[in-house]
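Take a look at the structures below.
Look for chain A in each of the two complexes below; its partner is chain B in the first and chain C in the second.
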Partner chain A sequence: MRNWSTQKEALALRRYAGQRYACGKSVALDDLPRFLEAVLRPGDRVCLEGDNQKQAHILAKALANLDPGKVHDLHMVQSGVVLSEHLDVFEKGVAKRLDFSYSGPQSTRIARMLFGGKIELGAVHTYLELFARYFIDLTPQVALIAAVSADRDGNLYTGPNTEDTPTVVEATSFKSGLVVAQVAEIVDKVPRVDIPGDLVHFVVDAKKPFYVEPLFTRDPAAITETQILTAMLAIKGLYAPYGVRRLNHGIGFNTAAIELLLPTYGEKLGLKGKICTHFALNPHPTLIPAIEAGWVEQIHSFGSEVGMDNYLSARSDIFFTGPDGSLRSNRAYCQVAGLYACDMFIGSTLQIDLQGHSSTVTTNRIAGFGGAPNMGSDSRGRRHPSEPWLKAGADADPDAAAGLRRGRKLVVQIGETFGEKNVPLFVERLDALELADKLDLDLAPVMIYGDDVSHIITEDGIANLLLCRDNDEREQAIRGVAGYTDVGRARDRKMVERLRARGVIRRPEDLGIDPLDADRRMLAARSIKDLMLASGGLYQPPSRFRNW
Partner chain B sequence: MTSANSWYEAGARQRVAALLDPGSFVEFIGPEQRESSPHLAIFDLPEQFDDGIIVGRGTLEGRRILVAAQEGRFMGGAFGEVHGAKLTGLLRAARSLREPVLILFDTGGVRLQEANAGEIAIAEIMRALVEARMAGVQVVGLIGGRAGCYGGGSLIAGCCSALIVSEQGRISVSGPEVIETNRGVEEFDSRDRALVWRTMGGKHRYLIGGADAFADDDVLAFREAALIVLAENGRLDADVLEAEQQRLEHRLHRFGKAHDAIDIWTDIGVSEPTEIPGLANDEFLRRIADKRETANGAR
Partner chain C sequence: MEKLSFTMKASTAAAGTRARAIVGVVASGNLEVLLERDLPANVCVVDIATAVHGFAAVWAAVIDDFVMRRSAGGLHISINDGGARPDMVSLRLAQGVRLIEELEA
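This part shows the complex of A and B:
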């Protein structure tokens, strides 16, 4: 007779081993290393919670300091490789295999360790893809998560930065895995129950809050006039004609400029209420002036943003908040919302090739994907109509019968022809391909595939790739907005003029935009302090963004 | 909210145009003369036709005045050979013409690529400035740009008859990154911008008598402040130097052991000192009115 409960029995053994170092569910910080050695087994699949924002940093530090003689060959399945400890575990031999999604600040070191064979790479995922695999073939046996506070039964309050926690706990705890949470304090009663206590096996009182990176704060003082011009093109040439109301913005300065132009330029164009009313978006401080001016109806967020918590609590008509008054974010739900319920994704990238493929990978940096490809892709499973989706579908396939024609999501890449340090945005060949060769990967790490991209916006104009009928047109449309980059200078002038006549390429003057009007005085806020003032003092910017 | 005439936001030419009487500015050695750096090409770096500084003459309420304005957006407003020579020349002209000078600082200090030439330029400027002041010419520094006033720029500022600063302005010999690199992040965390501003920023410099006037971040506010400062006496002689020496000794004695600007503000009796950085300018001025250290006739 087969034993059908081996996983439940293994969990019982882990809990028993861990209980030696716990009082009830509570594990003292000093006992954390011995506790982890007791509950972890060599080869375990472990989710160490961490994404592009919140980090279970105390648990990460403890894990990185374990004796590899006792705990080794772990298979890490986690959203973000962000802290140095996330890679120290591989350096020390505690972990061996890695499946992840995002690696922003560690992108150079992770590349070096992959080249050096220190890490056995499973795959680089998008957030949703990795979450999905938690439920199919990458289910964690142990989850090390982060919360704000816990009560004595292990009920967790994850606060405004709930993010990945419910997804990780769902996959781990209901499949007989062990869940260990770090919290900043143990309280008699948590402000709200984000994770029920019976799903949480142990709690570590870390005595301090988990680390959060302020990734979505863009200082308006750093927005350039070229970025303002691209933002004007986007608003007048895309948002207005398609009537884009439901959307996601990337984190770059171009989209920050769009947010800051809504109450000024957008107002002047009479677009209030017609565009930008519903967002799947983190609480960008640069959206404060538009929210205050009544542009935005609703925002669902992946996570919170450092300094924004009081503002969000005070604007519960706009944001999702709990009965305790604070924001409830959820990365998985928000990613799904961005994929299925938004009509536009707009964001910047580092490289775009002649087919419109884009990538943030360079030859010695692997930044991962995060969520951009989930937002920045056309969801083939979508069935509900909306005006922008249908209009984009008609652009792409004007001859099909309307009743059988798929709509299209607007997937927009926006940037300057020469980016930071004057590096050209447009390339003949993506560095991602070279990296794939070097690492012997089956797939080059492409952030957004060319066939998902609908428009490219630079200071040179807008290229509508939906209107291109073959690869030649597509290539020339891209070259046509590539300015003085090598790619741009190699354009076929006659063909580019023909594309412009057809409206495939639209220059600022074609849209009635004078580049000299792109002035910083048009921004609804020109400094972080302006944002703070616009929020009525509710936004409390972190020290690193202040200049007072 | 940021003023439409923000000093911090404006470029050097916009500042000069709005600061002086409309249309009165005449530039010396303008960009059309192509006096750019002889050194930058060696490093394959872009040049600017005015080498990042504008010098010339105009009027302020009808009174003739000489002006130099650094462009902080070109190489951080750094001093190179040509950049420095233009300011030296202006100060020598001021001595001959007996006309006051406004220096609109916006600089990180000496341009590293022109190290020796830049250092010599600083020395020449300081000599010319002191000689002009000895001849009775006022030289007033205006500080509120993005690059602040650092390195050699701060030494020159230290020689001026008076300084006008805004909250955004920063004055220090060593910049935050330099201190952190040399003394460690425990000594000074350059990424902690609140720390940077309360140590080097306009409010603190004004509070400890390092600046003589405090202006809103607005070109017209700087103009008003300049008119007030220029009405005062900017003489420089042995008595003034002596008084300045005593003022600095007294300051070092009183505050030399303070670990943080807030300790100093507490010491001079500012109420709720931790609120100082967040205060709006009028409230800030009200609260410190009888508390701030002044130059006491020194400089």
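This part shows the complex of A and C:
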């Protein structure tokens, strides 16, 4: 007779082993190493919570300090490889295999360790894709998560930075996995129950808040005139003609410039209420002036942003907040929202090739994907119409019968033709291909595939790839906005002029934009302090962004 | 420091009467552009001193487009470059011409 409850029995054994170091559900910080050795088994699939924002950093540190003689060969399945401890576990032999999404701050070290064979790589995922696999073939046996506070029953308050926690707990706890949470304090009653206590097995009082990276804060002082020019092109040449109301912005300075131009340039063009009313977006401080000027109706967020919590509580008509008043974020839901309910994604990248494939991988750096590929892809499962989606669909396939023609999401790559240290944005061949060769990967890590990209915006103009009818046109449209890069200078000038005549390429002058008007005085806020003032003092910038 | 010099035929002369103009600052990723109106109206000379080596072809393309698109005749332009990107160079050159064409206060 087959035993159909082996997982429940294994969980009971883990809980029993862990209980030696716990009082009720509470594990003292000093006992954490022995506790973890008691509940972990070699080869376990472990989700150590951490993404591009919040980090279960106390649990990460403890895991990295375990004795590899007792705990080894773990298979880490986690959104973010962000802290040094996330890689220390591989250096020490506590963990062996890795499936992840994002590795921004560790991009150089993770590349070195992958080349050195220290890490057995499963795959680099998008967030939504990794979350999906939590429910199919990468279900964690142990989840080490982070919350703000817990009560004695293990009910968790995850606060404004809820992010991945509900997804991780859902996948782990309901499949007989063990859930351990680090919290900053144990309280009698949590402000709101984000995670029900019966899904949480143990709680560690870390005595301090989990670490959060202010990844979405862009200092307006650093925005250049060229970035302002690209933002003007985007607003006048894309947002306005397509009537883009529902969208997601990437985290670069170009999109920050767009946010800061809405109340000034956008207002002058009479676009208020016609564009940028609904966002899937983290609470970008640079959006404060537009929100205050009444541009934005609603925003759902993946996570919170350091310093924004009071502002968000005070603007509950715009943001999603709980009965306690604070923001409720959820990365999985917001990724789904970005994929299915937004008509545009616009963001920056590091390399674009002649087919429009884009990648943030360079030969020595593997930054992972995060959420961009979910936002920046055409959702083939979408069925509801909207003006921009239908119009983009008609651009791509003007001859199809309207009733059977798919719409298209606007997937826009925006940037300057040359990046930091004069590195060109446009390349003949992506570094990602070389990396795939070196690591013997089946797939090159491409962030956004060329066939999903609808437009490329640089200071040179806008290329509408939907209007290209063959690969030659596509290549010349891309070369045509590639400025003075090698790729740009090798353009076929006659063909580029023909594409321009058809509106496939639109230069600033074709849109009535004088590059000399791209002036920093147009920004609705020119410093972090301006943003704080625009929020009526509700936005409290982290210290590293304060220079007054 | 790499030095480059371009002597170009200009189809239109810069308007106005101002004798000189300066835009920009010498700083990392930026550049200073000095424009002096002391050449025949159909000539433009651009002298460049740049901190970054190996971009002569890019400079040539930027200067070529500049002289074609803007009224640069009669101008002797000196560029002191701190490693600015081509888009910044184009912008500063255009700003320089606009400034030298302005009425004197």
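Everything below uses one rule, namely that the second predicted complex is superposed on the first by the 548 of 548 C-alpha atoms of A that agree within 3 Å, B and C clash if a C-alpha of one lies under 4 Å from a C-alpha of the other, contacts with A are read in each partner's own complex, and residues count from 1 in each chain.
Methods note: a residue touches a chain if its C-beta (ideal position, glycine included) is under 8 Å from a C-beta of that chain, and two chains touch if they have at least 3 such contacts.
Since we're looking at a predicted model, the values are computed, not measured.
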Fit or clash between chain C and chain B when superposed on chain A: clash
First, second, both or neither for A:Ala401, with chain B first and chain C second: neither
Partner chain(s) touched by A:Arg489 [first = chain B, second = chain C, both, neither]: second
Chain B versus chain C as contact partner of A:Ser527, first or second or both or neither: first
Touching partner for A:Ile136 - first (chain B), second (chain C), both, neither: neither
Chain B versus chain C as contact partner of A:Glu416, first or second or both or neither: second
Partner chain(s) touched by A:Phe545 [first = chain B, second = chain C, both, neither]: first
Contacts of A:Leu443 with chain B and chain C, given as first, second, both or neither: neither
Residues of chain A contacting chain B in one complex and chain C in the other: none
For the chain A and chain B complex, residues of the former touching the latter: 221, 520-521, 525-527, 529-530, 533-534, 543-548
Of all residues in chain A, those that touch chain C in their complex: 224-226, 229, 416-418, 421-422, 459, 483-484, 489, 515-516, 518
Complex contacts: residues of chain C adjacent to chain A: 52, 55, 57-58, 61-62, 83, 85-88, 90-91, 94-95, 98
For the chain B and chain A complex, residues of the former touching the latter: 1-2, 4, 6, 8-9, 146, 167-168, 191-195, 197, 201, 203, 277-278
